[in-house]
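If you scroll down you'll find the structure; I have some questions about it.
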Amino acid sequence: SGNFFLIAGPCAIEGEDMAFEIARHISEVCDDLHIPFIFKGSYRKANRSRIDSFTGIGDEKALGILQKIGEEFQVPVTTDIHTEAEAAMAAQYVDVLQIPAFLCRQTTLLVAAAETGKAVNIKKGQFLSPEAMKFARDKVIDAGNEQVLLTERGVTFGYQDLVVDFRGIPVMQSLGSPVVLDCTHSLQQPNQSSGVTGGRPALISTIARAGIAAGTDGLFIETHPRPSEAKSDGANMLPMDQLRPLLEKLARIREAIR
Amino acid sequence: SGNFFLIAGPCAIEGEDMAFEIARHISEVCDDLHIPFIFKGSYRKANRSRIDSFTGIGDEKALGILQKIGEEFQVPVTTDIHTEAEAAMAAQYVDVLQIPAFLCRQTTLLVAAAETGKAVNIKKGQFLSPEAMKFARDKVIDAGNEQVLLTERGVTFGYQDLVVDFRGIPVMQSLGSPVVLDCTHSLQQPNQSSGVTGGRPALISTIARAGIAAGTDGLFIETHPRPSEAKSDGANMLPMDQLRPLLEKLARIREAIR
Amino acid sequence: SGNFFLIAGPCAIEGEDMAFEIARHISEVCDDLHIPFIFKGSYRKANRSRIDSFTGIGDEKALGILQKIGEEFQVPVTTDIHTEAEAAMAAQYVDVLQIPAFLCRQTTLLVAAAETGKAVNIKKGQFLSPEAMKFARDKVIDAGNEQVLLTERGVTFGYQDLVVDFRGIPVMQSLGSPVVLDCTHSLQQPNQSSGVTGGRPALISTIARAGIAAGTDGLFIETHPRPSEAKSDGANMLPMDQLRPLLEKLARIREAIR
Amino acid sequence: SGNFFLIAGPCAIEGEDMAFEIARHISEVCDDLHIPFIFKGSYRKANRSRIDSFTGIGDEKALGILQKIGEEFQVPVTTDIHTEAEAAMAAQYVDVLQIPAFLCRQTTLLVAAAETGKAVNIKKGQFLSPEAMKFARDKVIDAGNEQVLLTERGVTFGYQDLVVDFRGIPVMQSLGSPVVLDCTHSLQQPNQSSGVTGGRPALISTIARAGIAAGTDGLFIETHPRPSEAKSDGANMLPMDQLRPLLEKLARIREAIR
């Protein structure tokens, strides 16, 4: 349709009911606005700051929910993986494997993801330049998999802040892969003294609008009907009732830059 | 018209002919697109990296050209000042006094600018947070002048790069003044080994589009019919023939976010 | 002896002869200067920028060399691991398991390392604050292993540079673990256009001296008799003949701050 | 004597009694330890965040006190200047003119300072690389004044923090001028929400020790007998009774690196 695509869902799969509620809502909005939609949910959280953070409801259970959502709503689904073993396992359930930003330099993980034949979405490390994503992308392509997405999610800016460098969008596009802007994690504020990453969700619209105007191919937005009840990353998710008006505005911007 | 406004012109006033050529072109484009236009030109360059850089054609001569452009094209004009004495002098010729980013904390300069009664456009220091511009703005307002503009021009990101933090646009707007995004200097790459600041002018469109989508009130763009011939900052100026298509696209984005 | 300790060796174990040559030399120097010495060598390089970089001579072969060095020179040996499986395997050969900076937030890796009962040296991510290392350290301690070392190796400073924040040394010491300053990787310059990380080895002495004066408990220095012939990280290693005079100076500084 | 030199004093000259009390104490300690001493005090604060901050007791009164201290204790004295007019005025009273970091690129100020014939101490802007100080230094030297000092005072690291890059010490020394490390302002934490710059004075010793070990020629330390009563920058000054034990340790480190 010429529109941008949307990767969206809750941070983590906390249960089937909430996952379906979220998938149904996003799916309807995206259908109405002709926005291709990929459902996202983590089945396990492996790199939380603190060991007592929520880490998941069980791998197979959560992956099964993801698969069921893909079938029910006829959308691709994606999740993030952390080890070679997870690549093979998750690939049985999902369409796109997401490589976490901290792990974007781990060669064996990238190769294992590539070898599943699924699309691979590599998040740009907070320590990496847009140009250097060439080498991460090459690892997947050299393993025989051309389906690569690259995701911007902010770069380290002092200890307790990230900043989105919009110059990176055209730079990464010039590598030859679609570029996604992760509006949720780009607004994180890491290294808070509580051990729980903070965020500025009121600015999701600002970042998303700027991203679409800058020409990004896709957006990543975590959303939840009741963010304050979420077990993971509640501070950063977009309240779900704000999604439709935001996407309407973004679709108009997309139209304006054609 | 509800449109954004544009502060534009050459980096420095190199002579009357070139200044008029540039003003005429921008003026025509902005008239066609209903974009309020403020002509900008520096009459003196005071903070170049190297002492052998071009610094100007003479203060009164350059200021006189600015004034003449204001009268001829019926537009406000602006220039940057560096000392209290310059504030009083320049105020006789121009409508808006621009405070350079390096000088945004100099109290006596801000107060002297405020006391001229002219509008004061404070560029955010590369070392300052958007929130901290409150204190710079207060210095002008406490001196009895409510006409303040705040300009984002990138923040220090390592030694040899700047990054634009688009979160700063709504943050500075919440202080109560219009916010300008300086697309030219935001793309500078300082501290190059040559002593001449570099830049990435191919990305002006990306930054400008993102800025308008993020809701900035105004844009600042330096432009020149033949950038490679410019005596100052040629590496960063937008080739003038690219201005109209860029502004057309930006006006469409502005329309899209209403 | 009240002296600082030294973790040193080549970047990667390229073969038995070179590893023994290096271990012998460092061991002699450290004996003479009463500096406790831990031999370090990577048995596999997992996170190189480019996929065509050197990755190793084979895991078991390289680990066997490490073990043999420990026995021959009666020193503890250490290597870096990247997965839970590697933790268990490497623990059969070495005394200290090093967690790479990019992986310092991976809970299962930290726990797997902890559960081997070996000492765990966690390198601080280029994206992490010294204070936030509390949470990484807690993951090891909560798994029942109190033997934790924390290593500073520079923090992201723009895309193509790292900077060592010496404030982090006392901050991390206050968490209750010995702190190591990695002089080699702190001087890396990442994201170079070649895909090969650069460095500034001429500054190793500056960083090491500052670190000892700031009170670091240990230093990490990669060294090689002929850096230009090294298969990995040659650009950053200290030429081995410079090690003794450097350590002599550092021991004097250590004495001076008692 | 081969020792480092010390630029020290209160942040601002608040009155003759406190200035003399401080000068006398530092002078005695430095005499005992054979540390060349330059007394520093600001006679006016021109770039405070907030307009309601303390700005001084009157220019001539404060400059007169500086001059009197120079005569009484037979030490050079220094102060910071903000305009060309101040350069000429202050040069009648002091031996070293200090250029504030924010103003290190202002050509006319550097030239005016140079032309007084007094030594010029240029603080490195929070936005400048060590290498780029070449161009600031050249402006003074090209104006006929070879007496230049260069001072490191931290570089912008996110909005609310500065970090000292110790690599800059040898880099700036290679330009041919003595290098000073400003331990007080390097530990500032700018852009705090209160509009009053914060700091971490407990880390002054860490930074000073690292600086001496890294080979800096001089240190800059603001000190006050009762920091909490100081009218300016109290949060960052070293309590004066900690100066002697600190300098004793630093002199030992200096001896160790010869």
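Assorted remarks:
Going by the order they are written in, the chains are A, B, C and D; count residues from 1 in each one.
The definition used in the following text is that a contact is a pair of C-beta atoms (placed from the backbone, for glycine too) under 8 Å apart; a residue touches a chain by one contact, two chains touch by 3 or more.
All values derive from a computational prediction rather than experimental measurement.
The greatest centre-to-centre gap from subunit B, using C-alpha centroids, is found for C. Note on interfaces A-B and B-D: more C-beta pairs are in contact across B-D. Computed from the mean C-alpha positions, the centre of subunit B lies at a distance of 48 Å from the centre of subunit C. If you average the Cα atoms of subunit A and of subunit B, the two centres end up 36 Å apart.
Subunit D has its Cα centroid 33 Å from the Cα centroid of subunit B.
Counting only residues that touch two or more partner chains, subunit B has 155, 157, 159-160. Contact residues of subunit D toward subunit C in the complex are 155, 157, 163-167, 169-170, 187, 200, 203, 206-207, 209-215, 249, 252-253, 255-257.
Contacts from subunit D toward subunit A in the complex involve residues 157-161. In the complex of the two chains, the subunit B residues touching subunit D come out as 46-51, 55, 82-84, 102-103, 105-108, 111, 125-129, 131-132, 134-135, 138-139, 142, 155-156, 159-160, 190-191, 193, 195.
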